[in-house]
Structures are given as C-alpha cells and as structure tokens.
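Below you'll find a set of structures to go through.
You will see chain A twice below: alongside chain B first, and alongside chain C after that.
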Partner chain A sequence: MAYEPPVTDYDEIVENCTCAFCGCNCDDLDYLVKDGHVVGVRHACRLGASKIMEDMDQRLMVPMIRDETGELQEVDWDTALDKAAELIAGAIRPIFYGWSETSIETMKHGIRLGELVGAVLDNQATICHGPSLQAVQNAGYPIATLGEVKNRADMIVYTGSNPMNSHPRHLGRYSTFPRGWFRQRGRFDRTLITMDPKYSDTAKMSDIWIGFEQNGDYGFYNAIRAALKGKKIDQDYVSGIPKEDIMELAEAMKNVQFGALYFGLGLTHTLSKQRNIDMAIEMLTDLNEYTKWVLTPMRGHFNVNGFNIFMAFEMGFPYGVDFCRGYQRYMNGETNTIDLLTRKECDVFMVIAADPGAHYPGGAVKHLAEIPVIQVDIHWGPSTEIADVVLPGSFVGVEAAGTSYRMDGVPIYMKKAIDKPETCRDDEWIMRELLERVQKIKDQEAAVASK
Partner chain B sequence: MTYIEKPVVPKVVKLEEPAAKERKILNMMLNTGSDIYQGACKKRGSTLKDEYRKVCGVAYMDPRDMAKLGVTNWDTVKVTTDWGEVAVSSVHSRDAPHEGTIFIPKGPWANVITSHETYCCCDPTYKGIYCTVEKTDEPVLLMADLMRAVYKKYVDDEETIPELKSLGEMPVYKKK
Partner chain C sequence: MEYILKNGIVYDPANNIAGEKKDVMFKDGKIVENVSSDAKVLDVTDKIVMPAGVDPHAHVAGPKLVVGRLYRPEDSRKGVTHKTDVCRSESGFSIPSCPATGYRYSRMGYTTVTEAAMPPLEAKHTHEEITAIPNLDITPLPLFGNNWFVMQYAKEDKIEELAAFISAWLKLTKGYGIKIVNPCGTEAWGWGMNVHGIDDPAPHWDVTGREVLRALAQANEMLGLPHSIHVHPNDLGHPGNFPTTVNTLDCVKDIEKNSSVRDQTIHLTHAQFHSYAGTSWRDVESGADKVADYINKNKHVTCDIGQITLDETTTMTADGPMEFDLHQLNGLKWANKDIELETGSGIVPFIYSGKAPVSSFQWAVGLELFLLIKDPWQLCLTTDHPHAGPFIRYPRIISWLMSAERRQEMMDNLEVRVWSYKRTGLGTLDREYDFNEIATITRASAARIYGYQDRGELTPGYNADIAVYDLNPNDIDPSKEPAAIEKAFGNAMYTIKNGEILVKDGEVVKVVPSHTLWTDVKGFEEQENAVMEKIMPTFRRFYTVKFENYKVHDHFAPNPIVTEVQAGK
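Here is the complex of A and B:
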C-alpha cells in the first residue's frame, strides 16, 4: 500500500469512543471530525477505521419501497413504515433477524414487536457461534474477562480462529502483547499457539502452529484429553499430528500458570459443529485439574453477544426464539433462521442491521427471493438488492448512543460522536414506530372481530 | 483513506514442470471465512464497487494448483459444488502451501456454492466442502449483477438475464 500522510485537517477530536466493529469493542478510539463527518480515526485497526470512515456513496439516506417494475422508489417515512407494519401485521410466520450491529435499547422494542405478532427472533449467532452457545449449554462455560487474561495469562491458544484478520487488535490490546500485572514483559512472558489447518496470518506470528487436518478438530482435542488423563495413544498420527507432539503439547498446557483458549468459526462451521466445542470445553475441564484455563468464543459483531445475553435474560433462550405459540420456544434445527428458510416456512423477513444477502448460503437466500423482505440498515448492500422495504437507520457508536456487550460479556455504553444524516432515523425510533403501527392494526382487527 | 484496489498477493511462482501435471479440472476442498480485505470493504459499505469483487470474488489458491490448471493471478475460474457454481478470480494465496484446498472470503460469491445443510445444529456448513475448479471465460460479476443473476427476485424473464444492462457500482433507485 502507498504511504498515506496523517490527517491534519480536522475541526475537533472526540475522545474515548467505542469501536462498532468486532467483539473486542475497543473503547479507546479518537475520532477526528470535520464538518460533521469522521475524517480520521486514531487507535483503531484497519477494520474499525474503515467501518467508521464509511463509504457515503452507498449510505442509505431515504426510505424506499419496491414498485411494480421491481425498482426501489424513494417514499416518505410514513408510507414506508405503514407498508412495513402492514407486512408484519399480516404475516403468519415472520422472522426478525439481525440485531447484532444495533443497540440493546433497539432490541427492547424488537422483543415486544416479536411477542405481539408471534415472530421468530434470531441473530447472527445462528450462522456463526450458535453451536458455541449450544456447547456452553451442554458442557459449561469457563469464561474470564479479557482484562484477566491480559494480567495473568502465560499461554494463549487460538483455535479455528484468525484474529489478525478478523479481530486485529485482540492480540495487541487484550491477550498476547500487552504488559499485565503478572506478565510485566508482555509478549515475552507468554506463549502463543495457533491451532488451525490454515497457515493463517495469526499462525505466522505464533510460537507454535498446529496445522491439524481439515475437520480434524474433534479427534485432536480427544487425543489431548487422552494424553492429559495419562492414557496411551494407539495411533501414530491423530488428525495428521504425530502422537509425540500431542503428548508434548498436553504436557506444556498442563504446566502453565494461567491459560486462555479462544475459539472461532473454524470449529462451528465444520461438520462436527457443537461437538467440537463440547470437546474443547471438556479438554479445559481436564486441564483445570492441574492449573487454571479459561475459554472465550471470538464473537464477530460488536453486539452479537449482547443479543444472546439480553435474550437469555429476558426470555431464557439465547437466540432462535420462536413466539408463534404465544410463549417463547427454542429448538435447534427447528426455530433457527436457516432451517426455517430452507424449509420455506417464513413468509415475511425483517433484517435489522445485518446482511443475509451476503452471508447466508444460497439455499437460504433463494427463499428470501420469494417473500417480502424489510431491511433496516445503514448501507446499501447485497440485502438491499432483495429488499422490498428499506428503512435507513443510524450508526450505533458514531451517530447514536447505545449499550453493547463485549465478547467476554462486559457491557459497554457506546457514546454518540456526530449527528446522523437528517433523513435517517435512529434504529430505536424505527422499532418503536413499527411496534406502535402494528399494535394499531392489531387493535383494529380485534375491534372488527368482536363486532 | 483506507481504500485498496486488490488484496496484496504474491506473484505466481513458476514451477519446474507444470505442463507434466496439467489438468482441466481439479477436485479440491473449499473453505470460506472472513479475511481482512473483505471485512474492511464490506463494513465500509462499498459492496457495489469493483473493489468488493476484487476482495470477495476471488479464490485463494496454492501456486502448484494454479500451475496445474494453467492460471495466473486474476484469471477467472469456475468453482462448482453440489449447491451451485460461480465464476471467481484465481489469486495466489498468502497462506500457501495448502495444495488441494481453496479459500474464498465470505460474501455473495462464496455463498452461491456453500452448503445450507445445518444437520439440525442451526449453523450451515461453510467450511470443508468438496468442489471442482476449472478455467473459464465467464466474467466475474459485480455484486448487484450477481444477486440478480443468481436469485432473480425482480427479473420477469430469466432468459434475458445475460443481456440485461449491468446495475453498475452505484445505488440505483427512483428519487422523489
């Protein structure tokens, strides 16, 4: 990349903002603001900076409805909200999907709307860390905050995860490089291990890279468990790794003072899914007989964990919560978005701050092409290409304040730095308006029915 | 600004005898996932732009596999799985060697060919899918054109899709 001179032309600095990109929620960013726009970001990684200095060409500025020719047509807010409310109120099996890039305050109205119409509320966990949440229900959750890892950990393991590409400040700010209370020399006091079939950018800078076979996670953790329990490993190679290396690694993991394991989508997206994570948690249970080990899923969006915590607190289930019977229900493989879409059950789909067009497998998007889709988002993306009603929201953490939860479950209040474009509305306002309008339609229906 | 044109990829290394093992079709394993170039471009919102096609509509390949197919950086290959087929650019992987495996960053291109099978575990299988890779002359479509060609939501006559005008790199909507 070419050299880029530092940004010196700005009006003011807004300090200590929270990054609205990944589950690290770095809360030390400084925004350089000129004429009501962020022109520079200090301390953020490449991902965070590029999100905050957004592409205004593709910013959704006005509400839009698809007309009969199949083209989006600009309309006023009343028309768009009425159209969306009409679709939602008339739906038999609606899904409200997304929520991970908006605030907890928005979700509050979303839950009430979901209960009112009997919708399925689901978030991005259903296509990323859903199996991790199932595994946590199966096998337990030995979690620690990132601060504890920073101060104590002398061994960091990333498995099925590539933080240098997806959480670039995770190593620098929380796990590997910073100096901690008991790790005064920072990186030199810690051992970094990456377990991944791919020689990823994180593996390149690790002390040890364990490149087991594709889909070999389950067998590999089992082999470590066997070694920890003093059992003999019969095979010479397990998942492509020599048994001597496995014995040596198990011994090294046993003899640390504090270990932290971070796992990513390499575990959840392969064939064994939640069983991989079950086994990783069981491995930690075994390690905890000798020393202290903790584990944290590497959550992707800044508030994906927030939705799970909020839903679990309010409704008892973390994601894929179905209200169609009037009470909350959760059944894996039945009330999850991808299954509902591939079975063609859903008849109205609302997406809030997410991009199913880009991130759902084609088989699920094919059903979205057959049903009405309502989009609440800030950018024109693949989902806009298949959306029938578009409601432009605001950027939480930059243009709107809100609460979010970090990957380790620490709530952080994200402050507002600049004003949103005049024609956009806050996500919270949009959800409240939809709720009120749907309530009005339902009240009218009830009044007619009672006559 | 943090704009980039293409991901930084090394030049293809010439192998000693690529012709000896030359093949028309390769049986490979497909992985998809996030990548820093894809993440930065997607979250900035530049999904309609050519830049997004350059960072997302690519298959990162091992140089040996590229030599076997006879393709170089930014040539077009067709990747086929049980769930679909898509044309993407072939580029030399930064993480090579990983012979027999290709990596496509997550996005609309990758998801045409990923598996929606959740096996009742809620999560589709995005990684470890068997695929075939072959050289092709089909163009790598821009995001809007790809969504139209694959999902056909607002197309009346499917036959006419290849002849339709490109939707371009800017949002298209009727202003009031």
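Here is the complex of A and C:
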C-alpha cells in the first residue's frame, strides 16, 4: 500500500460522527470537511472511510423514470413521486425491502405506508442473519453490549466470521485490543480464538485457530457441549478436530472469567443454517453454568439490527412482516422476500437503501426484472438497472441525521455533517411524501367507491 | 370544549369521595368546578366514575421488551387483531407491540404507566418505544443500582457527588426517578455470580447493597425528587428471602423525607416475589405476614404487589442472575442482556400454572399481601407486567380482591393447588376490597407515590383523566359476581384523557400521542458540572460510545411533561 500523506487542506472538523458502514457503528469519527465535502475521515477503518469520502462516486443525483424505450430519463421530483405513489397504490402484493442502511425515522413512515397498502416489509436479515433470528427464537439470546466485553472479557471467540475484513475495528475498538476496566493490559489479558474452516486474517492474529471442516459447525459445537457435560466422545475426530483438542478447548472455555462469542455468516449459511446457531447458543447457555459467556451476531449493515428492533416494537415480529390481510403475519418461508419473488407473487417492489439486484438469487432477480421496481438509494447499482422509478436519497450519518442500532442493540443518533446535493432528498422526506401521496389516492378511491 | 359527566357515582379517594352521586365537569382538558350551559352532557347515571388508572410499575418499552418480542414470535402471534379505522393492528399477549400496549391500557381506563427499568445507555431506545405507544403518559425510571459510578460514590460515602451524578443522569436520559434492581447483584452477574442479602459485597467493588441503597436514598432526598427510590431488593424469588426484604426496607428508615408530594422514602416493588419464608422450594412458606406487618408499622414504605395471574408469560427483569436461575429451573429459552457499566437483564418465558404447586403458592402470597396490608395508600395493584402476568389481567385481580368467595372457590375446585392454602395464610383471610379501596390501589395511591400533581384525582385544575365503568355499585354484589367485575374493569365505558374521549364502550375511538414524564433538577448545576468533569476520563475510557452520542436528544421525547424540582427544597 502506497503511503498517503495526511489530509491537511480542510475547512472544519466535525467530531463524533457515526460510521454508516457495518454493525460496529463506530461513533468516534472525525470528518474533515472542505467546500461541503468530506475530504478526510479520522479514526475510521478503510471500509468506513472510503464509503464516507467517496460518497459522490456513482451517485444517483436526480429522480428518474424508465421510458417506453427502456431508458431511465430524468424527471422532476413531483413526477417521480407521483409515479411511484401510483404504482404502490395500485399494487396487490407489494414488497418494501431494504431499510438496513437508512434511519429509524425513515422506517416510521415506511411502516405506515406498508400498513396502508398491505405490503410486506422485509430487510437484509432475510438473506443474512435471518437464520440467527430463527435460532434466537429456538434457543435464546444471551447477549451483552460491546463495552461489557471490552471491560471484562478474557476470552474472545470469532466463529464463521472474519472481522479483520468485514468489521475491521471490531477487535480494535471493542473486543480484543482495548484496555478495559478489568483488562488493563488489553490484548495481553485476553485469549483470542478463531473457529473457522478458513485461515482468515482474523485467524492469523489469533492465539488459537480451530479450522474445523466446512459444514462441520454443528458437529463441532455439539462435541463441545458433550465435553462440557462430561460425556465421552466416541469418535477420534469430530468435524476434523481431534477429540483431545475438543476436550481441552471445552475445559479452557469453562475456566475463563468472562467469554464472548461472535458469529457471522459462516454459521448462518453453511449446511445446518439456523441449527448451527441453535447449537452455539445452547453451548453458551451450558457454559454459563460454570462462568460468564455472552454472544452477539456480527451484524453487517449499520442499521440491520435497527430494522429488526423497530419492527419488533411496532408489530411484534422482526422481519418478513406481511400486512396484506390487514394485520401482521410472520412466517419464514412464506412471507420473506425471496420466497415471494421466486413464487412470482410480488407485483410492485420498492427497494430502500439496499441492492437486491446484486445480492439476490437469479430466480428472484428474474422476477424483479419483470415487475415495476422503485428504488430509493444514493448509489447506482445493479438494482438501478432493473428499477423503473429512481428516487435519489441522502447519506444517513453524513448528509442526514438519524437513529440507528448497533449490532448489540445500543441506539446511536447519527448526526449530520454536511449538506446533501441540492437535487437529492432525505430518505425520511421521500418516504413521508410517498405516504401522503398514496394516502391521497386511497382517499379518492374510497370517495369514488362510496358514490 | 366543555363536558359534564352526569349522575355518575364517583370514587375519588384523594378527595375523600367514596361513592357519592355527583357530576364531574371538565373544560379544555382540565377538571373544573363549573361549566356553562353549553357543556356537552355525557349521561353516566349510576355508573362508576374514577380518576383514570395510574400504573406504578410495568415494563412496556425498552430494549428487553424488544428482545422478548424478537425471540418470542409465539407470544406475538397470540394477540393479533385486524386494523380498524382508528387503531393499527395489534400483536402479543404478554409482550404486546407498542400500539397494542397503548390501546389495551386505554380500554382498561388507564392513562399513565411507569416504565420501570430504563438502562441509561439505551435510554434512546426506551424513548423511541414510548413515542410509539399511543394514549399513555409514560414515566421512565433509569436504573442506578449497579452503576459503577454509583457504587464508587456509595463506597466512598460521597452523597453530594452522587446526588449531582443522579441529577445529571436524569437530564441526560430524561428519566423520572431512581430505580434500583438487585443492588450489587446484577454487577456480580457480570461475572456469572450473584449476591445474597444486602450485606454481601459485589465482587471487585467491595460495596454492599445496603451501602448502595442508603447512598441512593440519601441522594434522592438531598435532591427532593418527586418519587422515592424504587427498589427491587436482592434475592428475588428465593425461598427464605423475606428477611432481606425487611432489612432492605429498614435500612433507609432513618433517612429523612424531603418532599411534600409523597409520603414514603422507599417504594418496594413486586413485593410478592420478596415475601417467602422457608429454606428451599421443598419447605417454602409464605412470609407475607412478616412483610405486611413491617409495612403496616412503617409509614416510610409503599409497595406494589406483582400479583401472579396464572398465565403463560414472559418474565423479564434487570435482575440478570435471577433469570438464569429461572432458566435452569424451567429449561425454557434464556435471553440475557448486559449493559456496560450500568446494569444487566434477563428474559425467560414462564408458565405460571394453577396446576403447579409453586405458582399456586406465589399466587396466594400476592393476594395475602393485598389482604394483610391495611392502608391502601401504601399499596398498588401491579403484576410487574409482564413478569408475573400481563397487565390486561388487572380486572381479574380486582375481581379476586373483591370476592372472598371466588378465592375460596378457586382453592376448593383446584383451579390452584393446595400449596395456595397449606403453605400460606390465604385460606384464613376473608377481607374483601370495596370500590373505594380499588380506586385507591389502582390510581390514587400510585399518583401519590410518584408525587404527581396533575393526575390521579378529580380535583379542579387537574388533568381531565377520567375512567367510567359500566357498573352500578349499589346494584351489584362484587363478592357474588366476579365475572361482571372483571368485564366492567376490562372494558371502560369511557376513558377520558386530557378531556378527550379515547375509549367508548370498551372500544378505542381516538388515538393521541403519548407524553414522557421526566424530572429536571434545578439549582444543582454547579455540582453537576464538577462531577461531570471528574468522571469524564472514566467515561471516555470505558464506555464504547462517545459522551456526545450518549444523551437522549430532545426529539426523542417530543411531548415531554417536565417536573422541575429545586434541589434540596
């Protein structure tokens, strides 16, 4: 990596901004602002800094509608919003998907719109930590805030997760390196373990790497549970790990003062899916009979947890909430976005701050290409290519303030540092406008119907 | 707009009105003495009129509620209703969604509820949920009993600095008063341990529950907060815990009260869980008589009960170790949430069944306390919602309290097991509550305990928060008709809040935004600044959020009702 000199040419520093990248929601960022743009970011990791500084890269600047020839054409805001409202109001089985990279304030209008038209509201959990939530519903949810781990933990386990690549400041700011109240020497007071088939960047800096076989998660945790309960392990190897090592590991985990386990998509998306996490949660519950252990899913987007929390307190269910019958339903495999798309049920799709075009399986994207898609986002992406109405939003945490929830559930109010491009609008404003416009259409329909 | 509630039979314990036939008038949201002839007449001839209900202790908003909803979709599915022209759709039984919480309290004639456990770090979350709950004014109590700064001040006996810390934190979190949960025990749970009794020190901190309780009580009185310390003592749910409870109450007896708006210096919450004798679940017996006796003899104490309702519910409390014990007892899925430097919490589903000896015993202990505590002004009706049962069961509890016959019937026909009378004194108690006592324990005493100066009574100038129930007290024998009592108190004929009719004939007809009640201490700013400067280095090093991002911004409480107190006055 070439040396980059520090940025010295800036007008002002905005302190204590919150990073709008991963679920770490680091809230100690300083933005160096010049001419209304962030030209430097202090304290952030490379992922966060590049997202913040390169906010104008492939930026959606103006509202657009796809014309008969299939080209996106620039239109004014009124036209675009009216078109979107008309599509939503006329939909029979609409889905509003995304939400994980926008604010709770935006969701508040979004849910009202969903209730009004009987939409399905779903977020990225449906393709990432959904299995974690299912496992939580099966087996429990023993978590702690990141500061508990920083101050107390003497053993940290990352499993199915490579935070050095995906959440680069997780070890540095929260779990492993910082000096905590009871861990005054920071890294030296902690044992770091990575359990992952891959010798990842996190594994490279761990004290112990346990490279169990791919799809071996379930068997491996089961074996630890057996060891914890004093059972004999019959096989010499479980998931590729010698049984002596498993016994030794179980003993070590029992004898720490405070352990924390973080798991990622390596657990949610291998063979046994949510059952892997069931087993990890059960293992953790067993460990609590001896000492203190907590776990936390490594949530990806900065507000993916926020949407689950928001939906739970508004409607009682975390994601995949279907309002089509006038009340909320939540049925995994029934009311999730991918299922609805592959069954070709959905007739209008609105994507807010997400990119299903890039992330969805082919069958689902194929159906998306056949139905009207409304996109509310800040960047051009594969979803823009299949969108019929494009509504350019603003960057929460940089250009707009808003509330988000960290992976451990700590709410943070992300402040605004700079102005958004003049032609863009805040997500919150867009969603409120859509709600009002759809309400107007529905009121007119009701008035006509009553005559 | 002027209204007159005509010919109702009024129960207003604060004004010594016990079943008088009279009119209640209100104008522009306030109770008034007279209205003009244009006033709209609401005919409530021979119906019960009371101030609207005030709940002194429930868990309705905040992070652990959400954990409950996230991990118990089976509970959310139970209470699903279709949206209406007025209401959004509802969900949940023991942990209803926010809209459902508001509507259901409204239907019971309640307008004010305390959210009894707000972790300061996640106070924004609590406030977001409060905003999402319609039709209720909500009083959040921040948790202080296991806060590291508090424990340090208590150990060093620095009461003035502690008071300044509390005063600053009430502002930062927009909280109303001081909540203490298992003092030092939840901190011990940070290491998977617990403390036993009030003289067992927390690991590392070397400070005891007694020291924390006394320090916080002194700080509370130094500031003169409208509410006293609100205490969930150590050893919740352990057989043989009543001495801990009595010691907890007794350890602040000598601290002088410094507030004219309340009578107590300590509020004991969910007393039922803290009134057990014996040594284990094998030989457990009721200690309700001992706790009730102490309360009867000591006016510095008030309590609420935490009555078991015999339902499948979701237990949740900031008492983390106790919830893990409960999980080991029933094997159901365990959730836990520890909050850095401040507190912890746990959640476990629980089935309180009349077929189980222990649940039957707990049910009886709660009722015993209701019947043994003589002064209804020292007592409130709660279920520690949702810990001992959902709040929608309050009307059923009222029906039990008003009918000795019904209680006997439940014991006779095995709706509850024999432990209900063999291990407690419930079988010997035939006291029956009258409507005035019910009005006291469901609204007037709670309002007095919280020092509310605008609700809980039908005094001119107070908020027009009124509940009307479709019952003629002169025409019904509550002891013979428990079902009618339950129905009437569960479906208010009118619920009026700030002069607006929110419920008519048991249906929500109007939805209004909620208010947030919090306390702003004045005249302590200098001490606050000094304390903040001192603790900042610790804050910066050991929290994982920046101080600037820690506080609850004003927009999280868009409709505040701020009680200003002059420190020390």
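Everything that follows uses one rule, which is that the second predicted complex is superposed on the first by the 449 of 451 C-alpha atoms of A that agree within 3 Å, B and C clash if a C-alpha of one lies under 4 Å from a C-alpha of the other, contacts with A are read in each partner's own complex, and residues count from 1 in each chain.
Heads up, the rule we're going with is that contacts are C-beta pairs under 8 Å (C-beta built on N, C-alpha and C of every residue); 3 or more make two chains touch, one makes a residue touch a chain.
Here the structure is a predicted model, which means the values were calculated and not measured.
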Check whether A:91 is in contact with chain B, with chain C, with both or with neither, and answer first, second, both or neither.
neither
Of chain B and chain C, which one touches more of chain A's residues?
B
State whether A:328 touches chain B only (first), chain C only (second), both chains, or neither.
second
Looking at A:369, would you say it contacts chain B, chain C, both, or neither? Reply first, second, both or neither.
first
Can A:148 be said to touch chain B (first), chain C (second), both, or neither?
second
Classify the contacts of A:424 with the two partner chains as first (chain B alone), second (chain C alone), both, or neither.
neither
For A:288, is the partner it touches chain B (first), chain C (second), both, or none of the two (neither)?
second
Which part of chain B faces chain A closely enough to touch in the complex?
1-2, 4, 8, 29, 31, 33-36, 39-49, 83-84, 94-98, 101, 103, 106-108, 111-116, 118-128, 143-144, 147-148, 150-156, 170-176
In the complex, chain A touches chain B at residues 1, 4, 21, 46-47, 49-51, 53-55, 57-59, 62, 64, 66-67, 70-75, 126-128, 130-131, 134, 162, 164-166, 168, 197-201, 214-215, 265-266, 268-271, 273-274, 300, 320, 332-334, 336, 338-339, 342, 355, 357-366, 368-369, 378-382, 384-386
What residues on chain A touch chain C, complex-wise?
15-16, 18, 27-28, 104, 115, 133, 136-148, 150-152, 173-174, 179-182, 257-258, 285, 288-292, 294, 308-309, 312-318, 323, 325-330, 403, 405, 409-413
Listed in rising order, chain C residues that touch chain A in their complex are 61, 63, 65-67, 69-77, 80-83, 88-92, 95-100, 121-122, 124-125, 128-129, 132, 148, 189-192, 204, 324, 327-328, 333-341, 344, 347, 541-546, 548-549, 553, 556
